[in-house]
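Below is the structure I would like to discuss, written out as structure tokens.
Labels A, B, C and D are assigned to the chains in the order they are written; within every chain, residues are numbered from 1.
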Amino acid sequence: MVSTEQPEASCRYSFLDDQSGGAHPALLKALVAANSTQETGYGRDRYSESARQRIRRHLGCDDCGIFFVPTGTSANAISIAACLRPHEAVIAATSGHIIARETGAIELSGHKIIHVAPQNGKVTPKAIQRAIDDHWHFPHMAKPRLVYISNATEIGTVYTKEELTAIKHICEENGLLLFMDGARIGTALMSKVNNNMTLQDILALTDIFWIGGTKNGALLGEAVVVKDLRIASEFEFYIKQHGSLIANSRVIGTQFAELFRDNLYFDLALKANLFAETLSAGISGAGFPVLATTETNSIFAVLPWDVIKKLQEHFVFYIWENRGEKEAVVRFLTTWATDDTQLERLVGLLKSAS
Amino acid sequence: MVSTEQPEASCRYSFLDDQSGGAHPALLKALVAANSTQETGYGRDRYSESARQRIRRHLGCDDCGIFFVPTGTSANAISIAACLRPHEAVIAATSGHIIARETGAIELSGHKIIHVAPQNGKVTPKAIQRAIDDHWHFPHMAKPRLVYISNATEIGTVYTKEELTAIKHICEENGLLLFMDGARIGTALMSKVNNNMTLQDILALTDIFWIGGTKNGALLGEAVVVKDLRIASEFEFYIKQHGSLIANSRVIGTQFAELFRDNLYFDLALKANLFAETLSAGISGAGFPVLATTETNSIFAVLPWDVIKKLQEHFVFYIWENRGEKEAVVRFLTTWATDDTQLERLVGLLKSAS
Amino acid sequence: MVSTEQPEASCRYSFLDDQSGGAHPALLKALVAANSTQETGYGRDRYSESARQRIRRHLGCDDCGIFFVPTGTSANAISIAACLRPHEAVIAATSGHIIARETGAIELSGHKIIHVAPQNGKVTPKAIQRAIDDHWHFPHMAKPRLVYISNATEIGTVYTKEELTAIKHICEENGLLLFMDGARIGTALMSKVNNNMTLQDILALTDIFWIGGTKNGALLGEAVVVKDLRIASEFEFYIKQHGSLIANSRVIGTQFAELFRDNLYFDLALKANLFAETLSAGISGAGFPVLATTETNSIFAVLPWDVIKKLQEHFVFYIWENRGEKEAVVRFLTTWATDDTQLERLVGLLKSAS
Amino acid sequence: MVSTEQPEASCRYSFLDDQSGGAHPALLKALVAANSTQETGYGRDRYSESARQRIRRHLGCDDCGIFFVPTGTSANAISIAACLRPHEAVIAATSGHIIARETGAIELSGHKIIHVAPQNGKVTPKAIQRAIDDHWHFPHMAKPRLVYISNATEIGTVYTKEELTAIKHICEENGLLLFMDGARIGTALMSKVNNNMTLQDILALTDIFWIGGTKNGALLGEAVVVKDLRIASEFEFYIKQHGSLIANSRVIGTQFAELFRDNLYFDLALKANLFAETLSAGISGAGFPVLATTETNSIFAVLPWDVIKKLQEHFVFYIWENRGEKEAVVRFLTTWATDDTQLERLVGLLKSAS
């Protein structure tokens, strides 16, 4: 069928993505334990309800809508479809997942995406202002109505509270909703480098956002948090219309109930960040440049092609940017499940290659 | 949020749907066993590949495309979007799931659904012919291009080989594709009452169909079987665009690999049918009319309201059709996981009430 | 290309549709007179503004939104897209234009159409109630949100004020919008048989409706009347997004300005009805059954095939329903431009054939 | 309602757009002359047929499909919907009309638009190659399938035969269709500065393109030319589904029949270009910079704000780019109908202001 960059299953260890490992054992255990009962479905099971309660407790919010969907793309497409009318447009960074890697899922509901150039992976108030200024010629232009950001971003950077506040401010001034893709919200909130926010801050400073399970210990599933109760009241229609309403919904509910029982969600993200810190230091220590500071669990390194070839015999990772015959930028992702022996082996190989 | 018919979680035993129980233990076990390895994702993991090979073996087909999606609605919407152009229409029975219970998921891709009246829950060649005859006024009318059927149907009836052959024949004569929704294909193929087909017959007599996991032992997931290799070659784009491409795809792959390792998929369906047979006989034996023959795992009974109220103290089931002050038609669904003690208790209550 | 029922251009006189004649001369004259000036476009020209003012005067409404679009299909599709969210459904009669003859234009925006059986071509409160009752299983079912009716209907019947009031009442009770397709609103309001409404009544009793120009004297164009000012404020975005915003908008504006300068719009419709009355009486007088009463400009007659064949040598008309080898139902449409000599000739032929 | 940049109708003379004048008198005359006959509709009238024959004669092509639609946005949206499947993407310049000024009409059919940076308003083979190179990660990325270009471009530049050949070449090598928006194809083909192509070359070097009537003498209408006969055979379905199938199609057919009877279409475009040449020279002569060479009927000049204010007392034109407190770039458009007295007056004012 369609070719992809995915490697053949092999004995090579993968730093390719956040989900190549299995689920966290506690989540699987919860899923197994939940198997013997009868449950109502479509999000009405007791585990999903419990997961919602626990997430609300973390959010400090009694009544916000919380909805589970299977994938990040469904979280983005459904959230945008539920918030916007078809002629309303989304403002997003050119590097944004909805522009670069979702095969037109947003466009499928009719929405134009207005491209803005990111700075260090992030959307800036200035870029938003310019997009607003450029889109005045109504009704010939789609109407900007929502700003899409990811935290952490596609390159692993993190928004500070000040940055997010400034974005929220310009959104409010211009009647724009603020939507955060939280595929990696865990590592963002656990960043030791650049984060000064909590989940409660995110709730306060956005209109709608989601908490990614897929990339942080779950088998599948994302939790969309909807503040506007009118949008929440119709949200399930959109989930269903987009084919994303899981019948036996405990399969996601049990996992999120476990992730948010105490602090497991954040503990896992912290682990991923710490592995990244170690790997980043190892790469630098071996004498290879690491692009910018490693803020979360993505490490971007500039490596010569011969080193890359050598690493590829043992490891799987992403060639981020081909820089000609001599070198390339590669991306390593660490997770809560990263094997530290493998990490050491990777650093060892780099040291011996330098 | 939105209200639904779903009962409160309670100690009442449910005959409401096919998925209120958990997964079959063998599937869960396979999922747990698969958790320790790294796998590529998005359908490229070894478990999904193994599941595809095993399903192909059951189908007797080396090269047909097999794709896993999370829900029945996604299976229907994606299959139709992948096979049709937006102005092409689907012919379906008014009772069909895509008309009655999918919130416009098919329409979201622009497709009109032409309604035809079912006979005993089934689409007939005559009804298809009439739909074709009525849709001649091009380009003012959408162009009929695909016939959607479910097997078993929404009321639990089963297509015979002769019926399906006749439908296929009229489809071929008129340039229509034939698509089978197989949410309950297992109980259909295991029907002792009215089935004379195998999975291989289904493959031969349709253009595209899917094998339901959600309603037959899996936590989630359906397997779409695509014969046309050109459609198969682009199918993943549609899965992705519709937000249904699961990253950690082993969550479905392991389950289907287990269901089709040997005959578990069919064994489970047969169990569901046998429980239905017992329940149907019990209802009749208690003196209450069962509508038509029970062909699969749905039983429709006509019960007085006072009996219904009494049953509802202990059981959850679906009020299918309100027939006024005196009585109603109710639906019971059995599954592989039906508790026979509960089934006996239900029959006992009916007997004592009659 | 695509085949259609349309006859070859010939010397046969046509009673096939409402628009095979040209525009009314007064409209053409206005269009020619407007040609020498520069005008702003996209609905902002002085002629469109004048047309809006005149229509508002007829409506007795100072502030309702009035928007010109090129076709009936665009009027229907844009109005529904502007009023509904994608998961919201339209209730319509199975005979309704949006179900039968618009190639999925409504579905293109994601909307499901719920089919109800018409009575004498009309949607009834009872049918609406039943559709509401059947669509309760949220979010698995699309949410009924708008009732679509045509006046006159597809078979030329007319809603009375009492009927429309009853429909409006059930809509209001159930949170449904009422939308009237007014492709033939002129002949409906001029019906001597069954009409007791004015344009002002239509405004009062619907939420959104349109006044058809195409079928009543204009070269092209329909005027959509939008009461809800919030919907009106965004309506042009939908027109543009659907490709229906005419740059040199005077082409429609001049024609509607002329139609509503005084009573021309209604005079033309009355003429069409009077021709229909004459033809209907002629057919009956010749001894052939006319189906039901002729209320507007459609006449349905039951004719033997040999008579039909004879008529077809001289006239073009629509075979509405094939009733086997002996006879068929045919439809004749009259317009303000019908040639009374041709009408007499048609009646003469019928008389000589009976 | 929605605000626009359109000026109030006034006695100021407009150089704002290509369609603020009326239709060319010969077209109006043809429309009036055609009014007395009965015609079949929906593109089947004799005038549309005649227009198609005449355009085919100019194209030197007996069998290509030719379809009339009311607006440029409908021409673009319908052409793209008819050629692509929903997950297939369009490559376009960021300045392209479909990105900048069509309110999401392309996205309404699900298509992603991949943005590339233009050079002198034009898409380059290099930019196309880069877009192809960047979109390899299937099925996570939409599949590039069509390149959209405008000739003349949004800034009035013209593709040479060599440039178009190079684009066609890269398209063919990569399985991409080439689509030309010909809103201003007349002025492009009549450019004395940079054109070396004929309409026949355009046909040979593209897969689908359209000939704009709206901006070159017609009241409304564009003619889409479809080479691929399979796409042509279904094209009318798309026109209808998008609400753009005009019932009384002679309204467009008569105008195109007249434009292509002989060379009127090209004569009008040439006139527009000559007026532009004169105006461009006048501006330069008055000492104000004209941006780049004026290739067609758009003139971009850099003027001080005080001069702009003065001109605005008498003329309407477009502020293209605000360059701060001192000056701005303004755009003047000339047409076949430009009044040379007004043009002289404009130049005179500039001279006296310099």
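Some notes on this structure:
Note that a residue touches a chain if its C-beta (ideal position, glycine included) is under 8 Å from a C-beta of that chain, and two chains touch if they have at least 3 such contacts.
Keep in mind that this is a model prediction, so the values were computed, not measured.
Distance from the centre of chain C peaks at A, each centre being the average of the chain's Cα atoms. Set side by side, A-C and A-B show the greater C-beta contact count at A-B. Taken over every residue number at the interface, the positions common to chain A and chain D amount to over half, indicating a same-residue contact. Mean C-alpha position of chain A lies 41 Å from that of chain D.
The mean-CA centres of chain A and chain C are about 50 angstrom from one another, to the nearest whole unit. One inter-chain figure worth recording: chain A and chain B are separated by 33 Å, centre to centre, where each centre is the mean of the chain's CA atoms. Under the contact definition stated at the top, the residues of chain C that touch 2 or more other chains are 2, 4, 42, 86-87, 102-104, 108-110, 138-140, 142, 234, 236-237, 240-241, 245. Interface residues of chain D facing chain B in the complex, by the touch rule stated above, are 42, 81, 85-87, 109-110, 138-140, 142-143, 234, 236-241, 245. Chain C contributes residues 1-2, 4, 6-9, 13-14, 16-17, 19-23, 25, 28, 31-32, 34-42, 44-46, 65, 69-78, 102-105, 108-109, 214-215, 219-220, 232-237, 240-248, 250-251 to its touches with chain D in the complex.
Chain C meets chain B in the complex at residues 2-5, 86-87, 89, 94, 100-104, 107-108, 110-112, 115, 136-142.
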